[in-house]
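Next up: the structures, one after another.
First chain A sits with chain B, and in the next complex the same chain sits with chain C.
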Partner chain A sequence: MHLPGLKLDLKGLPAPIPLSRGMVDAADWSAAALAVAECGGRLVALWGSDRRQGETGNFVISAAYAMQDGMIWLDLPLTGAQSGYPDISGIFSFAGRMQRATADLLGIHAENAADTRPWLNHGAWPVEHFPLRREVNGAACFDGRSLKDYPFVRVEGDGVHEIAVGPVHAGIIEPGHFRFSVVGEKVLRLEERLGYKHKGIEKRFEQLPASEGHRLAGRVSGDSTVAYAWAYCMALESAWNLQIPARASWLRALMLERERVANHLGDLGALGNDAAFSFGLAQFMCLKEDWLRLNKELFGHRFMMDKIIPGGVDVPLDAPLDAPGLARLVAQCELVEREVHQLRSIYDNHAGLQDRFITTGRVVPELAKQLGLTGFAARASGISHDLRVDFPISPYRELGVKAAFHRSGDVAARAKVRFEEILESLRLIRRMASGLPDGEQRVNPDKEMPAGFGAGRIEGWRGEIFVALEIGASDQGEQGNRILRCHCHDPSWQNWPVLEYAVIGNIVPDFPLINKSFNLSYSGPDL
Partner chain B sequence: MNLSGLLSQFLAIMAALLLAPLLTGWVNQWRAWLQNRSGPGLLQPYRMLRKLFIKESVVAESASPLFRMAPYVAFGCMLLSCAIIPTLSTDLPLSPAADAIALVGLFAMARVFMALAAMDIGTAFGSLGARREMLIGFLAEPALLSVLFTASLISQSTALTEIVENLAHRDFVLYPSLAFAGIAFCLVSFAENARVPVDNPTTHLELTMIHEALILEYSGRHLALIEWAISLKLFAYSCIGLALFFPWGIAEAQAPVALILAIPAMLFKLAIGGFLLALIETLCAKMRIFRVPEFLATAFLMAVIGMLTHFLLGS
Partner chain C sequence: MWKILRQIARNGIRTEPAPQADPDFQSETQRIHQDILDILGQALTIREVDAGSCNGCELEIHAVNNPYYNLEGFGIKFVASPRHADMLLVTGPVSRNMAMALKRTYDAMPAPKLVVAIGDCGRDGGIFGESYACLGGVAKVIPVDLTIPGCPPEPIEILKGILTAVRYGQKKSPR
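Coming up: the complex of A and B.
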């Protein structure tokens, strides 16, 4: 792997999805971003690390780029007193918020960035305090009195007024603040303010042994717990060059697809409900509940939390996950498939519902490409990225995945993609359940494993989930290897800014529908 | 005014007060059943009212007396409307107090007070809801008036009791004008009572709310009165509909036996009406807010066609 016009010393990491890692200097940092953009690549994640050790070492800013033939992970060490790095939000617009988050957490800034407002720091900690730095142990308490007004961008004009929504909403959803500038019912501008769910997860990772990090990763965003745990384990296994048994990867994929189906079912119901078609909600919720109950029976947890562990899976080897159990899985898939076909024809033929869905919240393919839309929302806007297709690992390699693809980019297209992904996942689950390989389903890593870097990429239901992991040397004691830095990247980082564009020109009462059609995570990009 | 008049007036008011929440519960129960859910039970609105009356009422610091007053005004308006609509009997001593035109005025007054109270607090949602509510109101009221005029033309009176007496107790005649008015009235009722497809009474999405946005800031007994007023309004509308288009079973003056028989007749008619409302609500999705003017324009047009039909057929 290489970038045209740049001499980079890239070293391949042993990962199921091709990945190279290398260092750049400040001059090459933005040149690399430009080269990636020019050859059709995209930025996946941007994060900072504190690699100071006493007098040596320094802060490092890292970026992960997705290319046609794999991923490139670039580190830029900030030497000496330098606390800034070149801004790349001009090349990848969504990098802006990641840069602002890094500034809040580590105190390293993108130089000459257009937007330098704080992002994650809402005043809960002082501006000169940086929670991710080595010397901070996370035990300090602040009175939170430094909470300041956040300067929203104001829209001026005749009849323009603002509507402030959240962070506390009338329904039971995650907290986020939305500031609409509207004329009458028409939205001129939407500005999001997120970061109400800061939990210090990235700091907590640094206090954990590497062999336990998967449990924390599985709690980054509860609706994607399988995807996060798998991405973390993939990162760990790539750092330690651990080969997992075939049965383990099949079971992991089985759980990932079940997670995808559960979320799509729930969201399709909620989409109907947001258009006051509560019939849809009741039917889809019924399907989802049965789905989750079978999860509980077969895997031991409704959301399959903590079922993916380093080296394999932690699910029963025999009953209830034996032949009769797998047969129940298949039978349930067939039942759900019939129901989903029926509900789909109800949704498709409902004039009132389609009137609300079609042309609402449109993200045209050009805009989607420019803003770096990712995940299933991108597949509804003419961008056909799907890790299961682009870099198929076992069992996707054997089974083959047909990615959904639509171009109209409105709520209707996102609903269509969800329907198609449910049906494709049901097919995959059936194939996986019938062809599940026998044998071991976990290997145990040794107590003392080497230090190193690893990365994992998984196509979660919302989009690509990426985990970058830096593991320290074993301390020869009880704990084994420690995590030096673990960055979990949620696709919502990319898609939240797109939502701001999707809603422009729509009317205010359509926002909940548009928002639900993306259903982004508030927790995932706020660690 | 005599004793039987007082009795039928008293019965009409008590029936409205007591049965209105039951009608709401009935509609909600059918909505749940039609969605394959088990539903909260018929008595849920009463439990809700009891809970809200017991709870403390929290009022925003910036609230003016108008904010506290509005729930009582709204409740009073709805109660008076229920008192002048011939639900059980046409012998209502209060009915000379307000005719069909004043009835529309009563609904409008409640609406204006609720909208003012919503703006009084100064939250974005209150103003948003008030704006949308007035948009619907100014389109729905003329349509409702036209419906009532169509019925008035037949009986040459704007007093509701006389209209109903005329329709119910004369020889059976088919009025084509009333068919158009009936369609118009159904459309207006959905808009005025904040039901799907115009508004969604069960939504939790602040940005989509119309009527719910007005009452977001209310709690405790104020909210209880408003909820009760909403139930009364649905009851009043259902009764207007039944009185104008299915008036059979409503008692005349000096007819105590008919008055007793009028109660099961009304319950039967309301039960069917409530079921049909739930059915339509289940089948429909909420329309975009800018389709509401088209929807209500259709209602107005229908009502006007009803009036024209009356003159064309020279009845």
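Coming up: the complex of A and C.
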């Protein structure tokens, strides 16, 4: 793997998806970002780490780029008293919020960045307190502090007024603040303020042994618990060069597809409801409930939390996940497929629903590309990335995946993609259940595994989940290896800023519908 | 339209009998239902606040509203404003960035207020614990009447907890 025009010393990591890691200096940091953009690559994640050790070591800013032939992970060590690094938000606009979050957590800044407002620090802890620094005790608390006002961008003009929504919303959804500038009922501008759910997850990782990290990763965003746990375990297994049994990766993929179907079913129902078609909600929620109940019966948990563990899976080796259990999975897929076809035909032929869906919340392919839209939403806007297709690991390699693809980029297109992804996942689940390899489904890592770096990438239902992991040496004791740094990246980082564009020119009452058509995670990027 | 009607007819009524997790629960449900009517007049209205959860608990609170559990059949409804709410259902852990919003939501409710904390994180911060960013359980910010543990608690547990809180609240507030 290489970048045109740059001499980088990249070293491959033993990961199922090709990945190379290397160091750059400040000049190459920007040049690399530019080279990636020019050859059609994408920025996946940007994060900072504290690798100081007494007098040696540095703060490091890291970026992960998705390229045609794999991923490049670049580290830029900040030498001496330097606390800044070149801003790349001019090249990848969505990097801005990641840079601001890094500044809040680590005290290292993107130099000359246009927007330097705090992102995660709402005033709940002092500005000079950088929680991810080594010397900071994770237990440090600051009580009785009041939160600060946030300088939203104001829109001036005749008849322009603001609507402030959140952080507590009207429905049962996660907290965040939306500031609409509107004329009449038309949205001129939306500005999001997130970070309300910041729970200090990245600091918490540093207090956990590596063998426990999958549990916390599985709670970064509960609706994607399988994807996060898998990405974490993939990162750990890559750091330890651990090969998992074939049966384990098949079962992981089976659970990942079940998670995808569950979320798409729920959201398709909610999309109907947001367009005043409560019939859709009732029908889809019944399907989802049946789906989750079978998860509970066969895997032991409705969302399959903590079922993916380092080295394999923690699900029953025989009953209830034996031949009759797998046959039930297949039968359920057939039933759900019939129902989904039926409901799709009802959705497609419902004039009132389609009137709300078509042309609403439109992100045209050019804009999607420019803003770095990702995941299933990108597949509705003419961008065909899907890790299951681009870098198929087992069992996707054996089964083959047909990615959904639409270009109109509106709510209707995102609903279409969801319908198609449900049907494709049902097909995959049937194949996985009938072709599940026999044998072990877990290898036990040794008590003392090597220190090192690892990364995991999984196509979750919302988009690409990426985990970058740095494992310390084993303490030879009960705890085993510690986590030095774990960064979990949610695709919502990329897609939240796109939502701000998607609503421009739409009417305020269509916002819930547009928002739901993306259904982005708050908890995931708030960390 | 006929397709919609056919689909509705084909699926029929999915609502299940009241929770059976506890053998005594069936007969108790009716008594609790009567309690709701006695204490609150016509119905119970709930305002949900996510104070920092991973969103797993929200998925299950959504599920409580599906036809299988038929929450509205009990006269229980989720409302958009705390000013219309008898009960606050809070998922946690409470992030420090959400503490003020949670307190203000609680303050906006009319008395008597019932507070139910959902999940292991709502109980004590769960896996996230207490830190510079996280206060821990809901009780750190507002008084809690009942906690429903679980990660996340299943819909039936949430339903049971809501009904139990109504009874417990009745004991607590003199009428």
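Simple rule for what comes next: the second predicted complex is superposed on the first by the 525 of 527 C-alpha atoms of A that agree within 3 Å, B and C clash if a C-alpha of one lies under 4 Å from a C-alpha of the other, contacts with A are read in each partner's own complex, and residues count from 1 in each chain.
We adopt the following convention: contacts are C-beta pairs under 8 Å (C-beta built on N, C-alpha and C of every residue); 3 or more make two chains touch, one makes a residue touch a chain.
Since this is a predicted model, take the numbers as computed values, not measurements.
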Q) Between chain B (first) and chain C (second), which, if any, makes contact with A:77: first, second, both or neither? A) neither
Q) Is A:163 touching the first partner chain B, the second partner chain C, both, or neither of them? A) first
Q.
If we overlay the two complexes on their shared chain A, which of chain B and chain C does A:463 touch? Say first, second, both or neither.
A. neither
Q | Which superposed partner A:275 touches (first chain B, second chain C, both, neither) | A | first
Q | Broader residue contact with chain A after superposition on the shared chain, chain B or chain C | A | C
Q. Touching A:512 in the superposition: chain B (first), chain C (second), both, neither?
A. first
Q. Who does A:353 touch here: chain B (first), chain C (second), both, or neither?
A. first
Q: Could you say whether A:222 touches chain B, chain C, both of them, or neither, answering first, second, both or neither?
A: second
Q. Taking the superposition as given, does A:171 touch the first partner, chain B, the second, chain C, both, or neither?
A. both
Q. So, does A:283 touch the first partner chain B, the second partner chain C, both, or neither?
A. both
Q. Once the complexes are superposed, what residues of chain A are shared between the chain B interface and the chain C interface?
A. 170-172, 279, 282-283, 286, 350
Q: Going by the contact rule at the top, pick out the chain B residues touching chain A in the complex.
A: 31, 34-37, 124-125, 128, 196-197, 200, 202-208, 216, 282-291
**Q.** Touching residues (chain side chain A, partner chain C) in the complex
**A.** 120, 122, 124-125, 129, 131, 138-142, 145-147, 167-168, 170-175, 195-201, 203-204, 215-216, 219-223, 225, 266, 279, 282-283, 285-286, 288-289, 292, 296, 302-303, 305, 342-343, 345-346, 349-350, 521-523, 526
Q: Sort out for me which residues of chain C touch chain A in the complex.
A: 3-4, 7-8, 11, 14, 48-63, 65-68, 78, 80-82, 93, 95-102, 105, 126-134, 151-152, 154
Q) Which residues of chain A touch chain B in their complex? A) 162-165, 169-172, 185, 272, 274-279, 281-283, 286, 350, 352-353, 355-356, 507-512
